[in-house]
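Labels for the chains are A, B, C and D, by order of writing; each one numbers its residues from 1.
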Amino acid sequence: MRIGVLTGGGDCPGLNAVIRAAVRKGTELGHEFVGFRHGWKGPIDGITQPLNWEEVENILDQGGTVLHSSRTNPYKVDGGVEAIKSNMSKLGIDALIAIGGEDTLGVAKKLTDDGVNCVGVPKTIDNDLNATDYTFGFDTAVNIATEAIDRLWTTAKSHDRCIVVEIMGRHAGWMTLHAGMAGGANVVLIPEVKFDIKKVIAQVQERFDADKATIVAVSEGALSADGDMILKDGEVDAFGHVKLGGVGDWIANQITEGTGRETRCVVLGHTQRGGTPTAFDRVLATRLGLQAAEAVHEGDFGKMMALQGTDIKRVDLSEATAELKTVPAQRYTEVEAFFGV
Amino acid sequence: MRIGVLTGGGDCPGLNAVIRAAVRKGTELGHEFVGFRHGWKGPIDGITQPLNWEEVENILDQGGTVLHSSRTNPYKVDGGVEAIKSNMSKLGIDALIAIGGEDTLGVAKKLTDDGVNCVGVPKTIDNDLNATDYTFGFDTAVNIATEAIDRLWTTAKSHDRCIVVEIMGRHAGWMTLHAGMAGGANVVLIPEVKFDIKKVIAQVQERFDADKATIVAVSEGALSADGDMILKDGEVDAFGHVKLGGVGDWIANQITEGTGRETRCVVLGHTQRGGTPTAFDRVLATRLGLQAAEAVHEGDFGKMMALQGTDIKRVDLSEATAELKTVPAQRYTEVEAFFGV
Amino acid sequence: MRIGVLTGGGDCPGLNAVIRAAVRKGTELGHEFVGFRHGWKGPIDGITQPLNWEEVENILDQGGTVLHSSRTNPYKVDGGVEAIKSNMSKLGIDALIAIGGEDTLGVAKKLTDDGVNCVGVPKTIDNDLNATDYTFGFDTAVNIATEAIDRLWTTAKSHDRCIVVEIMGRHAGWMTLHAGMAGGANVVLIPEVKFDIKKVIAQVQERFDADKATIVAVSEGALSADGDMILKDGEVDAFGHVKLGGVGDWIANQITEGTGRETRCVVLGHTQRGGTPTAFDRVLATRLGLQAAEAVHEGDFGKMMALQGTDIKRVDLSEATAELKTVPAQRYTEVEAFFGV
Amino acid sequence: MRIGVLTGGGDCPGLNAVIRAAVRKGTELGHEFVGFRHGWKGPIDGITQPLNWEEVENILDQGGTVLHSSRTNPYKVDGGVEAIKSNMSKLGIDALIAIGGEDTLGVAKKLTDDGVNCVGVPKTIDNDLNATDYTFGFDTAVNIATEAIDRLWTTAKSHDRCIVVEIMGRHAGWMTLHAGMAGGANVVLIPEVKFDIKKVIAQVQERFDADKATIVAVSEGALSADGDMILKDGEVDAFGHVKLGGVGDWIANQITEGTGRETRCVVLGHTQRGGTPTAFDRVLATRLGLQAAEAVHEGDFGKMMALQGTDIKRVDLSEATAELKTVPAQRYTEVEAFFGV
């Protein structure tokens, strides 16, 4: 078989490790590979690059993706799906390995239904994909955020201050939950549990009263319970929700006003997405890539590779994209044990 | 209740995170804590230290154990068990949380049978404890070893050489398996699969012939299939086994002789055991500590806290120590995919 | 002698290393130490803490300052200087070691003139203090910023984008200069050299035309040459200067508009100030601390410890605070060599 | 001009940064580049590789050398020098940039005398080259060793033990001096100051008596004062000197015997040589590379680029190789301040 590989969606440490492993295993099983560049844009526009062992031999430890990425969706491009089929036919491509998040895998699911041989590999630093215990990239991102919190602690303590750290996660609080727990944050705010800003201020004040500094870890998608969030530039959205990316600053301002102590927010942003993957992510990504090549080899299409316990299993692509995996209440209870003084 | 806490066996990143979480949760549940110093030596000799929130508040990110450790076994000390019971009675201690590996948990199991209220938390950088998917400390150790391999690659490539890296693991090859896969080692040798030195030399030679450098990752407990290993100081043990700690040097010498290219061995040693834990290990250790406090609170003794998938479960201490968890054949097949040129 | 020690100004990795070394050396030379908490607020309000070897033995690798810090200036507090003299007299303190930046050392200079025995140790992550080749904290901060740029590169390349990274430095561009050079930034903008936004956009466009991603490194204090910067919230300051902290976002927006490609800004912020110091900073801070204790021992007051070449020298405090050490034109020429495609 | 570039001697983080900067600057100045592979073996055997901006654009952060290295010395190869001249003539090479340590630069000096246009860039992780304040690679190596000591401390403290760490440095103790100071080692042993093993044991015992763990940092080239070192395999060399690489183990054994407490040695070895360079080393290497291109451009041959204070200067190659730069007595006094309890 000739197998096409593409990476879609946001940058994520471990993408190159998946590509490398799939190419190695698939080649060993007798197949050939072609790289499609820029996510789904690649097969739509027929943009390819060579993808044999030589090209991927030394990329295991490199962040990013040698195939480049995009957020192009063939179902939102006129004639996108037909173009993919036509280009695959022209290039003699029998199957696709699509590495991506909810959107990319959703496309892979639909394409499978539309007769294109697809296998999916789950990717998101947000860890919010269903049917897999963890996604690669998450561990790296959590380590980066944890190291940032470690650093912020020394400044918070030296200046007897509160510092707010805003962590990625629009719809799910996994990164903030894990980095908050690992960094010993005193308040952890995630999209799954609406927060009460008065309670947050009281928690910080209680710690100031006990001569203690405070770290507040907040997901970019966390929401105020009473819809009272006001954007820093004066706008309020229709639902009283703060603009994404602004919640940390808003909370810092509220704490400053509420406690009388200058409180700053640090937005970690894109530094959480890049760089060399941790060992955990390299191992997970490699195992997923090996399994993806085997699934294609066996003609087991329409499947997503998934981590379950310590095993790599294959699950239906529909399962993976059925719903967002959010933080369960019990896991939030665990970090709450460390709230307060 | 008054709860004693102790840490036994070798150093392991995450011990302090367990202690901190257990004390926090147990205190919240209304209990008091006492620290026993130097592993089982503490309760035998009645060596204690204060262990309330203040003592453990800032230790989450610190390697090592504030309770110190030892390899003392009360069942190998005259009157050891009676001394523990007597000291617990004198100090008004109702239950023990024992954090340790096979030996420490084995003692906890026996003590439970002998009427002492024990709860166990599994700890080993070797990841070879049964009934839990992973043990904390393992992820940190694997990251340290992986970073070392990353570094060694640049030297191996610059000098067109083979470098052997010896990684911890006397009886199980988990660390070498994961660090070898994460670091892109070309040969991975573990205790579970006896190796053929002639085949190893041939693999390295094949890579030299293709102008490629090589990294060989070997567990300190890996064994030659034909018992032909000779210690560097001239001794051969009765089973033809190389002295622990010497297998890497032996392999490097054999490769030097077999290929004519100077090959060095780097023994990572104790650097793998210490330092700040990764986010993964901090989260796992914290969750185990929380659960241990809850188990004691519920009087659920004789249990070990275990990670299964994404959940913390309680399993019988006997399960945990029944047998060593070694690397299954299928996992070794995964790294073999990357052997060769 | 009884020697008081204080740390003033912003957090900076290496403060604890200075304190530790000064206490060790001073004790060896027969002196006693007292810690003043919260910068100059300590001696003004008589807030002290014990400061013998036991307290500082294990703080070498810790970021922040065990003495806490503040920006209090005794010359801006009614009766501040008299309070310091009176408290020193009451506590039997003969001399002060003041560790801090321009403000802290400026106070030490004035106090010396006013008859208080002071010795200064220069501290700023900005590296903008005169009379010393480098200040501790700078190397750590530059490494943090460089690692951030390394991470951002993988995302910029994977998505064929430009990313702007805003680095600390209000009046001097040292951090941006060094991190920009170390991270391979394609455009480096510092306060010392006003930038032309049209030229910046053209540089980025030229790289896009060559299918290359771009990293723009900008100091928070960098200024547009033609005063056309507009604050993101609609305000323009009297000098056409952008609000500190907003220049990166402004540039990112301009590039987005100018090139039609979405460009984001990452503001590194306080993560650059905290955490464990690098080896360079630990060595420099330790050597400065040793020398400070010796200067006090010899009664050589009114001096600042300084790194010159590989030596620690003593210079007059007035020299250190005479003017800001900014980036010379020649050093900027060095990074310009890497601008463009 | 056509300029050849080569890298000689042991691996060192920053080599690629020099190559990249020289090629960038030299190209800007109108010159062409050719890479010679495997150190001096390259020009002797005429082994070249393309070396324009495209080849070196993305190597700044990579350890090792894309030109590969060797320890070949043309003055020890029959007809070596003539071969170099002949190959340079054939390839139209006008000048060489040689990046290396004492040996490589010594050859560059002789070749200059023999009429070959050479410019040298100093490289050694040992920092023992004359006429330059620091060499790139040293800072990276010291940071790796310091991080190792940080890790070893947690284990030493948890087990109330002494750990010996053996650090690179055969003839000069710079790495051990700086890493020992940065890591807070209690005993630091370097080649420049012969040690008394009885005194070392007494120092460790004194700390055990005070319930304190100990880290001993020792250079691989450190020597016992009374020539009583015995190799671990039973051999004693003619001068009573321990075999290089064995001194750490020997000291650990002596401490074990002398104090009755099991003491281990960790040999850091080649992990100190590889991996991505620190920001300090990337900046230094980049500035040296820029200056080397300018020196060639100006025809200023026979010179070595050197760091003096904060400036890059050109010094005569003969100065650089005149004598080894060893640790001065005063610098050793600084670490001695921290010996003892």
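Brief remarks follow.
Here, a contact is a pair of C-beta atoms (placed from the backbone, for glycine too) under 8 Å apart; a residue touches a chain by one contact, two chains touch by 3 or more.
Remember, predicted model here, so these are calculated numbers, not experimental data.
Common neighbours of chain A and chain B (chains touching each): not present. Chain centres here are means of the Cα atoms, and by that rule the chain farthest away from chain B is C.
Note on interfaces C-D and B-D: more C-beta pairs are in contact across B-D. For the pair chain A and chain D, the distance between C-alpha centroids works out to 41 Å.
Between the CA-based centres of chain B and chain D the separation comes to 34 Å, rounded to the whole angstrom. Chain centres here are Cα means. That of chain C falls 30 Å from that of chain D. Residue positions 150 of chain B each touch two or more of the other chains. Taken as a contact graph, the chains are arranged in a single closed ring, with each chain touching exactly two others. Working note: touching chain pairs come out as A-B, A-C, B-D, C-D. Taken in their complex, chain A has these residues touching chain B: 21, 24-25, 28, 60-61, 133-134, 139, 142-143, 145-146, 150, 178-179, 181-184, 276, 278-280, 282-283, 286-287, 290, 308-310, 334, 337-338. Across the complex, chain D meets chain B through its residues 7, 11, 13, 15, 38, 62-65, 68-70, 144, 147-148, 150-155, 157-160, 163, 232-234, 264, 266-271, 273-275.
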